[in-house]
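In structure tokens below, several structures.
Two complexes come next, and they have one chain in common, chain A, joined by chain B in the first and chain C in the second.
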Partner chain A sequence: MGRPGFVLEVDRSTPPTLFFHGEGFRLEPLPVGSRVVYPAEPLEPIEDPDDAIRHALLHPLGDREPLPALLFPGMKLTIAFDDISLPLPPMRAPDVRQRVIEAVLDLAAEAAVDDVVLIAALALHRRMHDHELRHALGARVFDAFEPNGLLLQHDAEDPANLVHLGHTDQGEDVEINRRAAESDLLVYVNINLVAMDGGHKSVATGLASYRSLRHHHNVQTMQHSRSFMDQERSELHSSNWRMGRLIAASGVKVFQIETTLNNDTFPKPFAFLQKREWEWSARDRASYFAAAKALDRTPPRIARSLFQTQRAPYGITGVHAGEVEAVHAATTANVYRQQLVPVEGQTDVLTMGLPYICPYNVNSIMNPILVMCLGLGYFFNLYRGKPLVRQGGVLIMSHPTPWEFHPVHHPSYIDFFEQVLSETTDPVEIEAKFEEDFATDPWYVHLYRTSHAYHGVHPFYMWYWGAHALQHLGGVIVVGGDPKAVRRLGFKPASSLRDALEMAEDVVGRDPSITHIHNPPILLADVT
Partner chain B sequence: MKGSFPFTAPTWPGGVERRPLERRTGTDYDIAWARRYPARVARALIVDQVLRPVVRVLGSPQLHGLDRLEALEPPAIFAANHKSHLDTPLLLTSLPDRFRHRAVVAAGADYFFPNRVTGAVSALAIGAFPIERRRVSRRSADLAAEFLDDGWSLVIFPEGGRSPDGWGQAFRGGAAYLALRTGLPVVPVHLEGTRRVLKRGAKLPTPATVHVTFGAPLRPGDGDDARSFGSRIEAAVATLADERATDWWTARRRAATGETPSLAGPRTTSWRRTWALDESRRQPAERRWPR
Partner chain C sequence: MKALVFERSLPRLAAARVAWKAGPLAFTRDAEEPPLPGPDWHRVRPRLAGICGSDLATVEGRSSRWFEPIVSFPFVPGHEIVGDLDDGTRVVVEPVLACAARGIDPPCEACSEGATDRCERLAFGHLQPGLQTGFCTDTGGGWSTALVAHESQLHRVPDGMSDEAAVMVEPAACAIHAAVAPGVTGDTVAVIGAGTLGLCTIAALRTHALPGRLIAAAKHPEQRRLARELGADTVVEPAELRRAVRRATGSMALDTGLTGGADVVVDCVGSEATITEALAVVRPAGTIVLVGMPGRVNLDLTPLWQRQVMLVGAYAYGTEVDIGRRTFDLAFDLVQEAGLERLVSAVYPLERFREAIDHATAAGRRGAVKVAFDLRQERERNR
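Up next, the complex of A and B:
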């Protein structure tokens, strides 16, 4: 059984603290009196995941019959699954989606179900490459479905394959994938890496159109989601729940299968990254030293490919299936069991080291907009209760923030960075002035539908993801980033952590309280 | 004088009754030495450094379904179809490390242990132990069970010998009986393409791509006896064969409705069976080098 997460108060004998820095890492001494929030150690995984999956399918939660009772010959079965954005980093084969989908298909075969289609629930994300689908689904499923045209990727811009199910009581359009909506049964296979994932959000977001998504992917919603990792206080979730209930009321029968993973994030050569620094063995120290020095001398492109090939040895900690809300309650409890760390009180300055990966740059480049989204969107929001940093406080994040974009995956990001951010960084103004043009630009729509590009509106959503943080913070400083790119984001560049802390004092006053969030592995601060 | 006793074996005095010869071949071959540490180290070297490169050159094996073994801890029984002498080294070198270095192979006593030299080579190189394949032998069964109880995994070809015509033969009950007796899981394995490399009677191998497909481990159910469990193992291997010939989903559906093509092929005249097999046309041997 892994030890729970905790808050360390830095004293004179505390060793320097690990900061991720893109495709690298640093050891930074923190001032005496600073706090470091450490994640829990990995929970024990389920010993026989296949058995647990089968048990979940046969003993569903909530108002749902066991899966075999929902399958019959001649039926239309659709299996939707989470896309490349989960988990992070991608997990070592076999991926949990493969295990679950094979178990579902085994039962479907026994029930003589012929009409089966698999759909990657992309929402407005990029289409997955074949090798990514093969990794997520396994060669057996991929080779059986893809060549026969039965493995699809959701297209949020294909009017012929979308169906409008109605409006919620708040007037939100609910429009989802036609095949999913018109199936006798929609099985959704999810990976719940963080508390934000899953529940009604799986179908209502993953299989929705832009027309539907814009109702909750906007500045207003994100500023009222405090945080979007806490479903009880998240407007993002309220909206998705309203939509999910309307989807159910429209007669779409969803059989939700949610899985949770422990936080065993790094493979053996990088195992020291998830150890507490004072427990590093001589071997860990040697590994750190060798890796840090080697990465310093490695061209960024090669370092990036090296990191992107890493596969996490995640263990499966839970599988729940059945009715969406009942399943998600059990799943969320499981996520909290792994990630929740109690923290007392807020801080003036919050520091964090941003790693090389976020949900939108798997096998791709972490561009400056994604750096903002990871820091101010995801990491800032990893709280329940109150933000870790006080209103008007300063966020210091460490990342190289290169002025670099993946031209195939992120074409609209390039224009967003050049045209929009050069004019304003205010999310409200950006939304009002620019969103529609980008969202409806036929070239971006074409690239989204036929290439492997994120939708034209996606960089806007990334910016909105940080809207709550931008509203809350007094300043953002990026350590070790490309100064030009950092300034374009509206942040201040600093060359070292010491400089950044001095600069922060200009905003929060002398001798500020400092808290470092030691993430990844992912933790969720329960701030009281 | 050199060339005579004591440099050669002594002659037997005519007036002394000869002791009956102790049989040390066939199922009586003593293989205890081959389980000791020095022999195991030698075998690990032979398997990893000799057999593996040879198998790679001849068959460039494509492995499928290894993920199904992820949660499986040794020992286990690996039951595969059998068409060629390449099958044993191929399967042995394809096993995950945790199984490979502590595995024994059930080998026909008449073929692999006809004399002590051949027996020693078989026992050392592939970890073979002799079994009687023409009749049920308590000694063979006890020996195999002893290995399994001791933590050794077992590689067995339940057909009892290589296919004479390329189609499968009926599975015998040995693997199922051992699983029932020891409570260990049976991993069904399908080997494809080995006959193209080295078929029965061939003198020289022809390089071609071979496929090894591991199935999900099977455990005997409550009502299973050796016969019914043996049929399940055979059906599982047939499903894996179908999975290679079509795709996983088609194979699963056909297995669920009992429509999986039999490993034994069509029951018809010999030429039509050969015609139906038509290995060279269905799966042309890929010439890999030189192109």
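Up next, the complex of A and C:
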């Protein structure tokens, strides 16, 4: 049994603290009296995942029959699954999606179901490359479906393959993938990495169109989701739930399969990243210095591919199947079991080291907009109760923030960075003035549909993701970032943590309280 | 008199391509004042004389051999001139040395229509060859304490107008001539380059062409700031231009360029790279206007042919037929309305010509736009 997460108060004997810094890391001494929030150690994984999956399919939660009872000859079965954005980093093969889908297909074969289609639930994300699909689904499934045109990627811009199911009581359009909606059964296979994932969001977001998504992927919703990791206080969650219930009421039968992973994030060579610094052995210290030194000398492009090939040795901690809401309640409890760390009181200054990866740069480049989204969108929102940092406080994040974009994956990001952010960084103004133009730009639509590009509107969503933090914070400082790129984001560059802490004092006053969120592995601060 | 004199010397011209300071431009205190070529001529004592991109190309030995028959050596450079006549009248010189100045009567067809920019007699008449004052051995040029100018070249400066504003009239006239050129119409206009000509062109387009959206590509931060101030709607770095035009026009993109693009692209640089970029961002059947002096370039003109693009030059000024006014008259208005005197960033005495030319060469990088020689304190002009 792993030890729970906890809060360390830094004293004179505390060794320097690890900060992730893109494709690298730093050891930074924090001032005495600072707090460091550590994640829990990995939960014990399920010993026999395949057995757990089969058990979940045969013993569903909520008002759902066991999966075999829902399968019959001549039926139309669609299996949708989470895309490349989960989990982070990608997991060591076999991916849990492969295990679950193989189990579902075995049952479908036993029931003589032969109209089966797989759909990657992309929403407005980029289409996955074949090697990524092969990794997520396994060679057997990929080779059986892809060559026959039965492995699809959701296309949110294909009117012929979308169906409008109606409006919620709040007037939100609900428009999802036609094949999924018109199937006799839609099985959704999820990986629930954080509390925001899964539930009705799987179908209502993953298989939706822009027309539908814009009702909750907007500034208003993000500013009223405090945080979006806290289902009770998340407008993002509420909107998806309204949509999900309408989808169910429209007769779409969803069999939800949710899986949870422990936080065993780093493979052997980087195992020291999983440990608390004062518990590092001589070998861990040697590994750190060797890795840090080697990475310092490695050209960024090579360092990037080195990290992007890392596969996490996650263990599966739960599989639940059945009716969406009942399943998600069990899943969320499991996520909290791994990630919740109680923290007392807020801080003046919150520090964080941003790693090389976020949901939108798998096998790609962490561009400056994604740096903003990871820091102010994801890490800032990893709280329940109240933000770790007080209103008007300062966020210090460490990342190289290169002015660099993946031209195939992120074309609209480049324009957003060059054209939109050079004019304003205010999410409200950005949404009003630029969103529709980008969302309907035929070039972006073309690239989203036929290449491997995120949708034209996607950089806007990244910016909105940080809207709550932008509203809440008194300042954002990036340590070690490209100063020009950092300024374009509207933030302040600092060359060292010490400089950044001095700069923060201009905003929050002298001798501020400082808290460092030691993430990844992912933790969720339960702030009272 | 004091003057900077440009001698014809092939070895020195070749040397200038490596280091302009070794080139054929020399400072002298003992130059002869040019004699008045006829009764309608006046002596002009320069107050300010600008350094233009074409001057730099000449000094650095980069000028095209095209000019050889239409210049005469030695000459005193400088064609952006505000100065005083002997009676104290302050004037701006319109430098083109067309039929009237050359004593050619009847004038050529272009001059008879007022289009002195298209004069066919630049190498003829009673003057030595020279397309403009500043390239003709008989007239002298602005980089000195005295030159001569024909009656037809003189424009009286209004009393309230500063010398800094007046020295901007000539480049402003070039910009206006481009902005009102045939084919410069449409919703989206892109301007490449934001030195003096680029910035004046932005102001001129905003006043005369009235595009729905004006996109400017500017290399340096100060240029971007000024481009915005002078009326560009979108200002980007040069590498961002293609994406900005694509966004503005809803075009698709190929590796070689856009499928659609801007209605008009005004190239105020004239390099191989900028003309290639102009061809990549102009729409099919659109217009590219070359305002910057191009020289010898190596281009793939396939897009020009396949997309039926019109490539037009915009040289100098004359009479704008559609408006019915002399370009210089329009330029006086534009300089005052747009406050173009703000573009004069630095002035130097003639003796410090090396610093002045270095400053002008690196103007964008050093946050400057127009660099000029200041002759107002020269003893020679006040004798």
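In this section, the second predicted complex is superposed on the first by the 528 of 528 C-alpha atoms of A that agree within 3 Å, B and C clash if a C-alpha of one lies under 4 Å from a C-alpha of the other, contacts with A are read in each partner's own complex, and residues count from 1 in each chain.
Everything below uses one rule, namely that a contact is a pair of C-beta atoms (placed from the backbone, for glycine too) under 8 Å apart; a residue touches a chain by one contact, two chains touch by 3 or more.
In this text the structure is predicted, and so the values were computed from the model without any measurement.
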If we overlay the two complexes on their shared chain A, which of chain B and chain C does A:Glu182 touch? Say first, second, both or neither. neither
Can A:Glu429 be said to touch chain B (first), chain C (second), both, or neither? neither
With the two complexes superposed on chain A, say which partner A:Glu65 touches: chain B (first), chain C (second), both, or neither. neither
Counting residues of chain A in contact, which comes out ahead: chain B or chain C? B
Going by the contact definition given at the top, which residues of chain A touch chain B in one complex and chain C in the other? none
If we count contacts the way the header does, which residues on chain A are in touch with chain B in the complex? 47-50, 93-94, 98, 102, 105-106, 109-112, 114, 116, 138-141, 143-145, 147
Parts of chain B lying in touch with chain A, wherever the complex brings them together: 64-65, 67, 70-71, 216, 243, 247-250, 252-253, 255-257
Which residues of chain C touch chain A in the complex? 234, 236-237, 240, 243-244, 246-247, 250-253
In the complex with chain C, residue positions of chain A that touch it: 414-415, 418-419, 422, 437, 441-443, 446
